[in-house]
Structure formats: C-alpha cells, structure tokens
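Following are the structures in question.
Next come two complexes, and both contain subunit A; in the first it sits with subunit B, in the second with subunit C.
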Partner chain A sequence: MKAPRNQAGHHHLERTQAERVERDQAERDQAVPARAFRGRTVRAGGGLSVRVDIRAFTVVALLLVAALTASVVLIGTGDFPIPATDVLKTLLGNGDAGQEFIVNELRLPRVLVGLLVGASLGLGGALFQAISRNPLGSPDVLGLGQGSTAGALVMIVLFSGSATQVALGALIGGLATGFAIYVLAWKQGVHGYRLVLVGIGVAAILTAVNGYLITKADLVDAARAVVWMTGSLNGRDWAQVWPLLILCAVLVPLVLGNARGLRMLEMGDDVAYALGVRVERTRLLLLVAAVLLTAAATAAAGPVGFVALTAPQLARRLTRSPGPNLVPAMCMGATLLVVADWASQRAFGADQLPVGVVTGVLGGVYLLWLLATERKAGRI
Partner chain B sequence: MLVDSPPEPSAETAPAPPTRRAIRAAGLFVSVAVLVLVALASIAIGAKELSLEQVWHGLFEDSGTYGDVVVSERLSRTVLGLLVGAALGLSGAVLQALTRNPLADPGLLGINAGASAAVVTAITFFGVTSLSGYVWFAFAGAAVVGALVYFLGGSRGSTPVRLALAGTAISAALYGYLQAVMIMDEAALGKMRFWTVGSLSSATDSTIGQVLPFLAIGTVLALVLARPLNAMAMGDDTARALGAHLGRTRALSMAAATLLCGAATAACGPIMFVGLMIPHLVRSFTGPDMRWILPYATVLSPVLLLGADVIGRLVARPAELQVGIVTAILGGPVFIFLVRRRRTAQL
Partner chain C sequence: MRADGKMSGKSSGTTSGKSSGTTRTGADGGPHMNDQGSTVNRLSAESVTLAYDQRVIAEQLSVEIPDNSFTVIVGPNACGKSTLLRALSRMLKPNQGRVLLDGQVIQSMPAKKVARTLGLLPQSSIAPDGITVGDLVGRGRYPHQGLLRQWSTEDERVVRESMTSTGVAELADRYVDELSGGQRQRVWIAMALAQQTPLLLLDEPTTYLDIQHQIDVLDLCAELHEEQGRTLVAVLHDLNHAARYATHLIALRDGSVIAEGRPSDIVTAELVEEVFGLRCQVIDDPETGTPLVVPAGRKARTTAAPAAGVTKG
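Here is the complex of A and B:
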C-alpha cells in the first residue's frame, strides 16, 4: 500500500498538517502486508467476471455451518432437552405437538433473534471499524450502546414501560446518539479520528446519565435495568424477529452494494476521491446503515457487549484478507452470539446469566490480547 | 498555549520576568479566594438553606443545634471534595504531561474504572467493608490499568486517539464486569449503583482520615515532579540531555497518578473529566510551565468539583444529582469542544 499513500501526499487539499499526519498514521494502521491475491477469477459471458477469495469463501461457509449447528443444539437445550434429530424433524414440520410448541413458539424465535442480533452487530461493528479505521472503533466503545441504554432506561425507570416500549426507547436512543455523534464530529466532513473522539466523549456523558437513571430507580427496576444493560436473549419471541429480519433484508444488500467504496475509504479520503468514490456520501450512507443495524439489534437484545468489537476482528484473522470483511464479520457475529447464549445457558442454567456477561468476558479477554498484539505491530 | 503552538522551551524555562511571575502569583491568590468562596457556598447551600451567620456559628461556635449539625456534615463533605478535587486535577495534569496527550484524564484512560472494578471485587468477593481495606484494592486496580494504558501510550506512533480508545475500551470491559457482579448479587447492586456514579455524599471524618495520608503523599509527589516533567515536555532526548532521569520520572509520575486517583476513587467512586478540564483551563493562562500548572490545578480543581457538587444539590433539590454525573455532563461537551478545536494529532 505504499503507492496510494504517496499519491495521497500529492493531494494538497486544504487540510491542516495535523490532520494529514493523523490520516497518514491511520493509513499505516490499515496497511496490510502486500500479498498476491489468492483467489479465483470466475468469468461469465458478456465480459462479466467475479473474483472469489477461496479462503474467505470457505470461512464464510464454515461459519454458517457452525452457526446453524449451534442453533440446532441451542434449540435442543433447556429444562426440556430435545435431541438434535427431533429438533430438525420438528423444524421441518414433522414433530409431535409438544415439541412443536417448545421449538416453534419458545426456542426458535430466541435463536433467530440471537442469529439476527449477532449478524447485525457483526456487520455494524465491521462498518464502524472500517469507517473509524481503528480496530477498537466499535459501536459499544463509541457511545451507541450507551445511547440505546439511555433510551431504554428512560422507559424502564421513568415510565416502567413494557418490553415493546423499552425496545422503542432503545431504538430512538441509539439513532439519536448516532445522529448527535455525526453532527458533533462534522467539520467540513467527518474524519475517522474525530468521530472516535467525539464518540468517546458522548459515551462518557451517557454513561453518567445512565448511572443517574439507575440510582433514581427502585431496586426492582434497577435490577431489570442492569439485566437489560448487559444484553439478554431471554424471553425473546417472534415480535422481535420480524422487525429485525425486515431491517436486515433491506440494509444488508445496501451495505454490501457499497462495500467497494468502503474498501477504498480505508485507504484514506484522498485516495478514495482519486479512485472515484463519493467519500462523504458513501460514509454517511454506511454510517446510517451501521447505526440502524446496531440500534435495532440493541433494541431487540440489549447492548450485548463486545460482539461488534470482536466479530469483525476474528473474522478478519480467519479470512486473512484485507478490507472490511463484511460478510465474514456478519457470520462470525451470528455464530458468536448463539454459541455464547448456549454457553450461558449450559454453564449456569437457563435464565441465570444473560448472554451479555459471556460475550463481555470473552470480549475483555480478547481486548487484552488485541491490545498486546496490535501494539506490538504498532497499529493501535 | 502549549498545545496550539509547539512549546518554546527557552522562553518558559528561563526565569520569567518578575511582572509575569507577579501576575501568576496574584492569579493563584485570586484562585485561592475563589476556592474559599466556593467552599463556603458548599457549606451554605443544600437541601436546608443556611445563612452565612448560621454557617459561621456552626463552624466556630458549635453548640449542637440543628444548623450546627448540618454545617458539620457539609464541612466533611466539603473537605473531602477539596481533597478529591485536587487529587483528580493533579493526576490529570501529571498524566497529560507524562503521556504528552492533551486528552489524558484518569476517567478517560480507564484508571478510575480499574480502581472501581477492584473496589467492587474487594467488597463483593473478599468481604472487605472498610475504606482503609479496599483503598489498597483501588490502588492495585488503578496501577494495573494505568500501567496497561501507559504501556500503550509509550509505544511508537501513539496518538491521543489511540490512547483514548484503549482507555475507553478497557473501561467498557470493566464496566461490563461491574454489571455482571451487580446482576449476580442484588445486595451489591443496592450498594454499588450509588457508588459507581461518583458521589461525595459518603463523606465522614473517618473517610477523610483514611484517604488523607495517601492523597497527601500523592500531592507532594506530583508537585515535586514539576521540574522533571517540564524537561520531559521537550522530548526524551532533550530531557535526557538536560539531566532528567526519564525512567525515574515516569515511574514516579505513574505512582503519583495512581495514588491520587486510586484514593480519590476509593473515597468517592469514579469521577470523570475534572482531570481533563482543569489542566486545559490552567494552561490557557499559565502556559506550559508545570511549576505553575500543578499548583493552579491543585487550587482550581476543587473549585470545579465543589461547584459541580453545589450545582448537583441545587438542581435536584431536595434530592441531589451526584457530583460524578454533573462533572460528566459539564466535562463531556468541553472534551468534544477540545476535540473539535484542536489539531489533535500534534499534541
């Protein structure tokens, strides 16, 4: 990635020295060792061709298999265990009535919410990390999680709201926070580093607001609020599945359609301009999508910690390919969340430990490792 | 100002002309006067309004009337606010100099969160109940996170963004841990939810007595470090050439910051942004000389903390808004303003 950087140096747009230094550094952060493209080019008739990265493709396939296997196991787990074969039979519509009720009404929606939330968080996290050009720039660090939490806590503490109202509050809180961060970071465009720092400031304010709301609550509401804040898949049903599914169906193709532009953006704004990307528009579009995905996922399951941080990074390490790795990140998020949910039920008994605790612990350990290795590589 | 233009060492380290020194000294006196006024306000204002006469009576002719009891309660609170405010401001100033990062703050770098997590662990899992017991855990937590973040900050090509991100990410992980503890133990939730927002309401004479020695040592240590930190501001090579012991200065600075914010957090819970705002404010009229920044920060940080505490008592009367919440709400916008204004990468 030497060449694009030099090219960027020639663009003397009216930027301050400092911003250039920062950007150069950010570019260096993202610079991956140059390697030959290890994939296949599939040619179709009419001059169309598609490049397929075989390793990434395999990783995605394996992750999907893992996510589905974990889902089947998770559906079979609980106070009333069901063997995997029966789960599959029931899912295909051949089960007995009792199993059908347990699977289709109780456990399937929960697993689906888990898959969708994981996928949304993984994709949202990958987008945020690519836009902020930092492996730590995930929505839970940048204040979106706190914003959703503030919205939800207002509903829980001040209005003792129903689950739907809490979800709505979370959604509004997340979207408003995303909007506020973007506006506050705007200064003739939004730069990755300003976005990150403004996000951190907003996160700090909102953390204090959330702490205040919890001290205002009585102990029962406070306990409910803390469980919500950790992120839990308990008692999720079809009412959470449909909105999330529709949102993903709209946003995922939209985001993937713009993935090319995002990859150019990772090389720095100037390079992206030069390569014909409408920088600010692409960034705004992808940010809106990322905020929507994260806010919707958080509304459904609470701010499940660190999935958005870890999923894209783990996916990236598995595929070993440069760029934002959107699809692998999505699959990794879904797999992570379902496996974590299974672990939280299996290890501590159903309803005992919200899934967010498991992902939080996992995320914490991962974070330490990331800080150690990335620092060594000079990327953090 | 240090951060807007590169420091001009020669102008700053040479003995300042007497007039400028006189102005700065006078400014320090004015600051002390303001501090006294804010401290009086902190005693007079609250759920029960007291006249200055009553305050005087309570302070100097205590005869056990209701007003006198209120005064003595608020006096402990004010003294604790003074100590903790000074500690947070000083540790912020030291951390900013040490990391050469204008956005350093014990809260933002996760050091407060480290101390909090350690204190909650001590209370929940080790059954430690007294402040003098868990203050050691607070030091350990603050030191571990501080070392971790500093280790990152010391790396090549470290920028404010990276340091702040590392601190925030570590804080997020630690707050996740705190939540997990609170979920599993409802009794802990009952106690901890008030402590984790940062409040002066726990102040008693014994609280003050227990943290005072640590804060005193930390304060002296920080003030003594002014000269070596001045040298370090010029870059490692110049500092070494000037005869500063880099390793020793860094270690002592970390020790001072850890003592100050560990003890402050153990006493009041995590309070953010005081250590960020005050050094910036101070630098805008003292320039980059740590020999002035540190004393000013010692005097002005409690002004901010007590002021925030008074505001918290006024806006939510008869209840109160915890001081940690008020400082975050005041400090967050200041932080965002600094981010927007400054050429962050240069600092």
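Here is the complex of A and C:
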C-alpha cells in the first residue's frame, strides 16, 4: 500500500524536443535502469524465452516446502502419533503394516483433500478477484459458498442423502449459483462492480434459503447440516481425492495457459482488446474454471471460509508482484488449509474443531487488517 | 468549404508524412500500394451503422484514415467520435457496413494480428496495483509474444526505445501509481508504442491533463507522426489543438461527417457553427498560422439569431 506521491519527477517534461532528439542510442539505453523489468529471462535457441520472477519463484518454492512439511506433520498428528521420519518411510512404501493403514488409508487422503481444496480455493479466488478487479470479488463474498450450501442442505434436509449425494448437491448448487451470477451480471461483459453487487445479493437470498432449510430440519439433520456448513476435512477419504485431482489436472494447465491474457485484462477491457486479447472468450473460460474449482472444493470439504479471499491477497503481498499471482495463490491456499487443519487438531484434539472455523478466524482477522491498512493508504 | 472538405475520398492517395503540414491530402503524393496492390488507405470504415444495444450512434458513416496522417476527429459531445474510434479499433462491431484494415474486414482477422498493426490508447485504462513503469510498458509487447516466447531481446529493445521516445525512461523502475497524470499518460502512450503498430488510435489523450501536459502529449504525438512515420488517429475535445496538430481533420456531428480535410482548408466560422452550434471568429494562430477559433462574446451570441446549420450536413 503506497501513498501516492504526485509531485515527483517533472524535470523530464521540461526537456526540450531538440535535446530529446539529440541524445544518442547508447545514452538512451543507459537511461533505463536494469531493475526496471521484474525477474530474469531464460532464453534458449529457436527464439524461446521464458520470464521468471525470482521473488515469486522463491515464494512458491517456500510455500511448497511449507505445505509438504505441514502435510507430513499433519499425517503424524492424531490419537496415534507417528514421528515424521516414520511418516516419510511409510509414504515411500517402507513402513510397517499398522502405520501403513493409518497413513495411507486414513490420514493421507485427508491431507490430500486439504491440499487440493486449498489449492482450488486459492486459484479460484485469485481468478475471481482478477476478473472482478476487486479483492472482495471472491467466491465467499459472491455467494458461491452459500449456493453450494443450499445444494447440500437440500440433500441433507429434504432427502437425508448420503455423503456422495450431499457432495453432488453442493457441486450442483455451486455451479448453478455461478451460472446465475454470470447471467444476472452479464451485460456486454462482466463488469467488476456489477459482479460483486449481484453476488452479494445472491448470497443474501441464499443465506435466507439456507436458514429456512435448517429451521425445517429435524435435530439430527440440522446437526449434520451445521457441521457441513462449517467446512471440515473429517473423514475425507480417497473417494474425495480422485475427482478433485482429476479436475485440477485438467483445469490448472488450462487456467495457467490463459494467465497472460488475464494479466492484460487487469488493465481494463479496452486495453486488453487493443493488445489482442479475446476478452470475452478468455474471461468466460476463466470464470467457468473458477466456478468449477470452487464448487468442487466446496463439495469435497464444505464451504471452508475465507481461503479464497485471503490466499490470493497474502500471496500477492509476499511476491510483491503485480498481476493475478495465480500459482502463488494456489500454493498459499494449499498451505493455509493444511496448516489450519493442523492447528485445529493440535489445539483442540483430533476431529474436535472443523478446519473452517480456523480459516474463518484467520481470514476475518486478516480482512480487518487489510481494511485498516487500505484505510491508512487512503484508498477506502 | 464543403468541396474542399470532401477532397479525401476513396481515391485519395497518401502524403509523404514528413511534410504533411504542407501537403494537401489527396492532391499530390504517390498513391500508397498496400498488400493487395490497390490504392486504398490501410484503415477505413465503409458505410457503418454503429449502435450500443438499440441506441444508434451513427448510420451509413464512411471514413477513410489517410495513410501517414495525423488525423484528428472532432465534434460536440455525443457526436459519436469515440464510438467511431471504437469501431475502427474493432472493439465495437458495426451493425451494418464494415471496417477494413489492409483490405480485410477487421473482425475477421486474428486478434493478435490486428494488435500488431493497430494500437489503441483507450480512455479507460487501469494501472494494476504495484506495477512499475517498465513492466507496464512491457505489457505492450503482448501481441508479439507467446507462451514460449515471453521476453525476447527484441521485446526489451523495443520497450526501452518506447520509454525513451516518450521521455519516461528515467521513471522505468518507479511505480505507476506514484506518477502525476501527465507522466502516467506518457507511460500509457509508451505502452501503446511498444506494441509497434504502424497505426495508433488515441481516445482523448489529453483529457484530465493541465494545459502544459496537454501540449506536451500533443507534441509527443506530432513527433511520433513526423519522426517515426506512424499514422495517428486521435479524438480531441479542443478544436484549436486539433487545428494546430492535425494534418487531416474529421468533423463529426450526430454521427455524420460534416467536413474533412486539412484544418486550414476546412476550419471556418461557418463550419464551427454548423458542427458545434457556436458563433465564433476564425483567425490565424499567431504561433503556427493554423486556424484559431475564437468564440464570439456572450453579448454577440445572445443577441444574434440562434445557431443553425447553414450548409447541408
């Protein structure tokens, strides 16, 4: 958050035209500081060149290390603690039978669901925020979580459905909400503010619907509904891992392939058009991907609060890089969720506190901090 | 006046660009041969009907942008100048008619190919949070890049040159949101230059700038036109700026071209009254000799008959 400093550097404007023309090429090139362009460029034969932002690259590497470390620790945490070395040994296939069952069948899928859900929410949130050009344009605020909840509650309350049916209901609810928001907000392109305002309206309606469904439910269903609504990784197994993994394997490359177009979209539709981005196509594709990622993550773990909102913002502050920061946001989301799950188990014992409570508390504190600093910077 | 104004028709050739200040559009200068080998200008709109939803802005509007000209579009508010610019840059698809770029319908061309030929500096541009001048200008290279060709030495050279020719090279590592309005506009122009397009459209590039920076930006445009030989099309509000800098002026009213041609040929008191509904005198600019519009005093305007289109539009 930088305060604008408008008075600086007028001197170049006073330079006369003649002087400007006189300067020779060598001087011209020296005038541009080397640090003007972020990152290093890796060039290979055949005109290949890839630009790497060193700081963002480091952040991603550190986040990955943190996520994996937290995962190993998390797998070792529980009623039957396992040392990290044994966890690693077991994961590599050299553990004893008892540990193998606990690690591979009980705790590993739960951690994988956590990583995938966190990554999906982080990426989905970064996409939504970039497309709406607004940090508040994240799926939690736009009502996608409420939509998934409505779908899940219908299954729980009206049909007493199985876990799979509840997940399916949540997925359909999320996708339908995403579609509704897009249709309602769409008029010659989705504009940031309209998207956010329509999303808030949809969220309010769905919250009312969800409240109604819970009051209609009997006590058992209502308790189940409330647990689902908090967002939890309890009892997640391989059945949740595979669909999420396949979805991510398809969507993540697709999204990253369009990331450069998204960077151009940040500067406004007109600029993106002028630069040759197919604006509507890129935006629709990325929105669909973001809705799918968010809905699938919510179907797997419930509406885990604030990860989609905070992960992209935290990642951005770490990389200090402009742009949507998609990969850092994804890694940040995965790290956040696994660390939050570990924190909830560590502080309150296994399966006592749903992870959504921890992310909600962390996210809420973070949001207040964000608003306070933005206020200081004079932006709100 | 009208006869002169309509001089640049379909057959109008191009001028040498460097000496455009003294060259009459369409009168001399060898005809430009484009890729198709015909003698048409690179960018033109052929009887286009432009509308937002159902609101029609212009009907059957035809405009030719003379190659190597600094064309300025003027007209009262809501006359369709920006709309015309959006159509020329393929952001608005005409309901009828077509916009041609190098003989091809612009909508049918690949987006990146258009973006390598025709640049646009829109009014609504947003500098991303925390972006440096160098990075923002670098984004202008997008149409020349690909997934595996992200930053060539050519990209870097062009970006440096663009920053130097717009005088923002020293600001390269500064954050864009720290800059003044005038500096920021130069940075956006540098980004459009980095796109390396022979044609560059600018939508009200001087709006919100104080007089010093307005002139500064227009000087820069004139330089780009004269030294780099680019074809510039700008929408401007200030008629006097338009008359001073344009080599080709297009006056629009209610979505129709009222007159077009060299400012000194077409800017008259009658034209200003017809286009803007303003009584005025047109005198020679003491600095440049171009037409200078001096609005009539308040008393003269209120006592005179209401403005009316004397000549047909």
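Following the convention adopted for this analysis, the second predicted complex is superposed on the first by the 342 of 380 C-alpha atoms of A that agree within 3 Å, B and C clash if a C-alpha of one lies under 4 Å from a C-alpha of the other, contacts with A are read in each partner's own complex, and residues count from 1 in each chain.
Please note the rule applied: contacts are C-beta pairs under 8 Å (C-beta built on N, C-alpha and C of every residue); 3 or more make two chains touch, one makes a residue touch a chain.
Being a predicted model, the structure only gives us computed values, none of them experimental.
K.L.:
Using the superposition on A, tell me which residues of subunit A are in contact with subunit B and, in the other complex, with subunit C.
P.N.:
On subunit A, the overlap between the subunit B and subunit C contacts is residues 17, 21, 28.
K.L.:
Considering the complex alone, what residue numbers of subunit B touch subunit A?
P.N.:
So the residues of subunit B touching subunit A come out as 103, 107-108, 148, 151-152, 155-157, 159-162, 164-166, 168-170, 172-177, 179-180, 182-184, 186, 189-190, 193-194, 196-198, 272-273, 321-322, 324-325, 327-329, 331-333, 335-336, 339-340, 343-346.
K.L.:
Which bits of subunit C are touching subunit A when the two form their complex?
P.N.:
Against subunit A, subunit C makes touches at 52, 89-91, 111-116, 119-136, 138-140, 142-143, 145, 147-153, 156, 159-161, 163-165, 167-175, 177-183, 192, 195, 212-213, 216, 219, 223, 227.
K.L.:
Spell out the residues on subunit A that touch subunit C in their complex, using ranges where they run on.
P.N.:
2, 4-10, 12-13, 15, 17, 20-21, 23, 28-29, 31-33, 35-38, 41, 43, 47-51, 133, 188, 257, 260, 263-264, 266-271, 273-278, 320-323
K.L.:
Which part of subunit A faces subunit B closely enough to touch in the complex?
P.N.:
These residues of subunit A touch subunit B: 16-19, 21-22, 25, 28, 134, 136-137, 140-141, 184-185, 187, 193-194, 196-198, 200-205, 207-209, 211-212, 214-215, 219, 222-223, 226-227, 229-230, 305-306, 309, 353-354, 356-357, 360-361, 363-364, 367, 371, 375, 378, 380.
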